[in-house]
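The structure under discussion is supplied below as C-alpha cells; questions concerning it will follow.
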C-alpha cells in the first residue's frame, strides 16, 4: 500500500480506517482523530482517518446530509495535517473525485456504486488510493472487475476492497467470510467494514437500524481469517450522531476491542 | 400518467416499455420501434420506446458501452418523432439529466442508483416523467422515499416504480410479487421488468447470464397481480446483441406473449 | 390425478386443497367443509378437504398440537364420507403413514421433511396419493428426486408438488414463481400454498407471523402462471384458531377470492 | 458438558466432533479414529468420534445409504471402546433414538429435522447428550425452542447447538457468525460444522457440491468468535468417499488446521 503519512506499516498488523460516519464538526473530528491516533500508535496499527463530507444516499429526504462539502473537506485536510494522518472520504459522482482528491489521501467508492465505471475511473485518475466497497448485491469474485477498472486508468494504483455484508432478505445483511480470501485473490488488501455490515436496511421508518453489540463478533472473525484491514465507524456518543447512530461503535470501547483483535492477529501471522 | 405522445391510454390496459438494451444503430432502433408500435396498437397497449444511450455499469471494462452519447440520444429522438412515440432512457450521474431530457420523454434511474438523492433530484428538475428501478437490495416499502425525493423537486411529477428482482444468493435474482401492491401503495404505477429480473449476476466470467424461457412466467404473474406496466428488452436476434443478449426476448415472440397477457389483464379489470 | 371422490375434474379448472390448519373439532371441520364444498361446486373446482391431525413441528413446546390423533383422523374420515369429498392430512414419521392412510385419501409430506427418504417411501407404500411440499431450502428442480422416491415405491402413484415459499433471510419467505414451470417439468401437478408461503418465521416470540392481506396476490400469480392447484388454510375466525391464525384466510373471503381466480384461469386455458 | 470418556476437558480448548460422513467400514472407522485421537491428544482437544450409521435424506434414491444399521452402530461402539472415545451419530425418526442410544454417547438431530418435537423428545428420553443442528432455514435465536424441547423431557441434559449455514439462494449456504453468540445465549455450547456449511445444495445433478478449500476460513472465524466446538467431516481420500466427498477435509490436512486453530483459541481465552 502506498498511502502518504501512514504509520506503523512495519508492524505486520492489520490497518484501521475509522472515524465518525459524517464530518459533523471540526471539534468532533479532532476529538475522534486524537483518541484513535493514540490507541493505534499504542498497538502498532496503521491508521487512516475516515469521515464523509456528504451523505448522498440517505433513505429519507429530511435526513442530515452534511455541513457543507468544502467545509467538511477542509476539516478532513486539517485533521490529516494536524495529526500527520492519511484521510479517506467517499465520493458519489465522477465530478466529485478531483475536488475531494485535493483534501484527502484515499477516495472511497460506496457499495451501491461499485459497478459505476465512470466513478471508478474518475477516482483512479486522481492518483489517490481507492477503497471500493463491495456492493450488497455482489460476490467477492466479481469485485475483480471493479479492481481492473481502477488499474486500467491508473496502473499501479493502491486499491483495496471492503466488505460490508450482503443482502439477506430485505431487513438484514449477512457477512460471508468466504469473500475475504476470494477478494484477496484479486491481489489487493481486503478490509472488513464492521459497522455497516450490521445495518438493518429497509426499515419501514426510513431510518436504518443496527446491532452494535455484534461489532466484536464481526471484527474477530475478519482478523482470524486474514483480513488486512478493518473499517469501523465510531462516535463518542452514537445516540446523538447525525447519521448511522444505530450501528456505530461507542468510541471508548475501541481500545478494548483493538486489544483483543491484535492478539488474534498475532496468533495468525 | 402525463407522458407526451402516449397512445391507447383509454383502453384500461397495461402499458409497455420496450426496446433493445442499448441503442446499437439507427436501423435497429427503427426496426424494433416499428414492429412494437404495430403490435401494441393492435392490442391497445400504450407504448414507450426504450433504449440506453450508454451502458455505465457493465461488469467488465471491455464490454460494449455505446455508440456515442449524442448519437444514441439523437436516434432516440428520431424514433420518437418518426413514430410519434414517447421514449425512455437511463441516466447515471446528475450531470446527464438535463442533456438526456432534451431528447427523451422519460428518464430512468437504474436500480443500483435508486437511493442517490442527487440523481433523483436532477431527473425531477427536468420536468420529465421519471421511472425508478427498485434496487436489488430494496424492499418495495422503502421505495416510498425514492418517490418522495422526486416529488419534492417536482410536485405533481409522473413517477413510476419498476421491479427487477431482488438478490437471492450471489448468482440469482428472485421476483417477489408482494412488492407490486406494496409499491402501488406509494400512489404510483408499478412496472415489472420481465427481462432484467431473470438475469444471473456474479457469473465468474463477468458476463451476466439470463433465462429468457421464463419471461412469460414473470410477465403473466405481474399482470395477474395488477402491475400497471411491463418493461421488456427485446431484440430481433438476442444472440448478436451488444449487451444483455442472454436475457432479452426474441422480438418475434413479443406478439404471442402480449396476446396472452392482454387476456389476463381483461380477466382482472 | 387419481383421487377418489374428487368432483369437477372435467371442468379444466384448478383444484383446491383447503381447510383449517389443525382439526380443532368435529363441528368446525363440518362447518368449513360444507361452506367450501358449496363454493367449489358453484365454480366447478375439484376440492380436497385439508386438516392436520397433529402439529408435529410447532416452534414452541406449549403450542397446541392436536385433539388426539385418532379422534382427529376419525373426523377427517367423517367429513370425507358425509360430504363425499377426498381428504388430505400430513404425516411426520414413517410409522404414521399406514395409520393415516386408513382415514384419508391423500398423504402430505411437510416441507421440512421433503428429503426424508423413509417417510416418502412409507407414504408411497400405502397406495394413496402423495402431496409433497417443497422445502423452504429447496429449488424446484431438486424436487424431481422427491417425486422419484415416491414413484420408485409405487409406480403410477398420483403425486403432486406444493410450493410454500423459500427462506428469504431469517424472518421472511419469498415465492419464486419460476418454480412452477420447473416443477411441472417433473411430470406432476403443481400446487401453490397461498397461506404458508406468507408466514413470517423465526419471530423471537416463537409464534410464526403472517400477512393474510397478500393471499390474493400469491394466488393470482400462481393461477396466471399455470399452477394446477391451490392450497389455502382458512378458518371462520382466524384470530381464535389454535394454530397458524396469523396467516389463514378468513372463510367468508374465500368465495370472492375464488371468483377472481376462476376468471384468470379461464383467461389462460 | 457431561459426556462419558471425553478427555482433555481441563484444557480450556475447543472440542472436536469429527469422523467420516458415513460409517463405510470397520477398517476406515478405526483408521480415522486412531489418527484423530493422536492429533487431538497432542493439542489437548476433547474429541468425539462421529459417524452416520445411515444416510436418510440423500438427494437421490440411488445414493449410498449405509452398510446396515446395526453393523454400523456396532462399529461405532467398537471405536468408542477400543479408543476410549465418546461417539456421536444422527437419528432421523423417534423410533431410532433408543436403538442408537445403546451404541453411542451423543445423539445428533439433523438440521432439516431440528423442529420435529417427537424426535427431539425421543432423543432426550434416552438420557444421552443431544447435538441439534440448526436448520438451514432457522435463525440462531429460534433454536432456543429446540433446546427447550430437549430440556423439557430431560432436565439437566447436555445439549449443544451446531451451525451448518443458512440457505443463500438455491445453490449456496452462508455462515452467519452472529448466530454463535445468539445461540450461546441459550445457555449451551455452540459448534461450527465446518464442512456441511460449505455444501452447494440443489445442484441439478442430485449430487451436493462443496468447497473444501474454504474449511480453514470457516473454522478460524468460528474459533475467533468463541465457538466451543467444531464439527469436521474428514476422510483419508474424500474423492472415493461414499457420501459428501465433495466437502470433506482430507484427513492428512487436519493436524495443520488444528494447530492454527489452537493458536487462535489461545489468543481469545
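Annotations
Which chain is which? They are A, B, C and D, in the order written, and residues in each are numbered from 1.
Just so we're on the same page, a contact is a pair of C-beta atoms (placed from the backbone, for glycine too) under 8 Å apart; a residue touches a chain by one contact, two chains touch by 3 or more.
In this text, all values refer to a predicted model and were calculated from it rather than measured experimentally.
Of all chains in the assembly, those touching subunit A and also subunit C are B, D.
Taking A-D and C-D together, the chain pair joined by more C-beta contacts is C-D. On a Cα centroid basis, the chain most remote from subunit D in this structure is B.
In whole angstrom, the spacing between the mean C-alpha positions of subunit A and subunit D is 37.
Note: centroid distance subunit B to subunit D, computed from Cα atoms, is 49 Å. Remark: subunit C and subunit D have CA centroids separated by 34 Å (rounded to whole angstrom). Within subunit B, contacts with two or more other chains are made by residues 166, 168, 170-171.
Those residues of subunit C that touch subunit B in the complex are listed here as 166, 168, 174-178, 180-181, 211, 214, 217-218, 220-226, 260, 263-264, 266-268. By the touch rule above, subunit B contacts subunit A in their complex via residues 56-61, 65, 92-95, 112-113, 115-119, 135-139, 141-142, 144-145, 148-149, 152, 166-167, 170-171, 201-202, 204, 206. For subunit D in complex with subunit B, the residues that touch the partner chain are 168-172.
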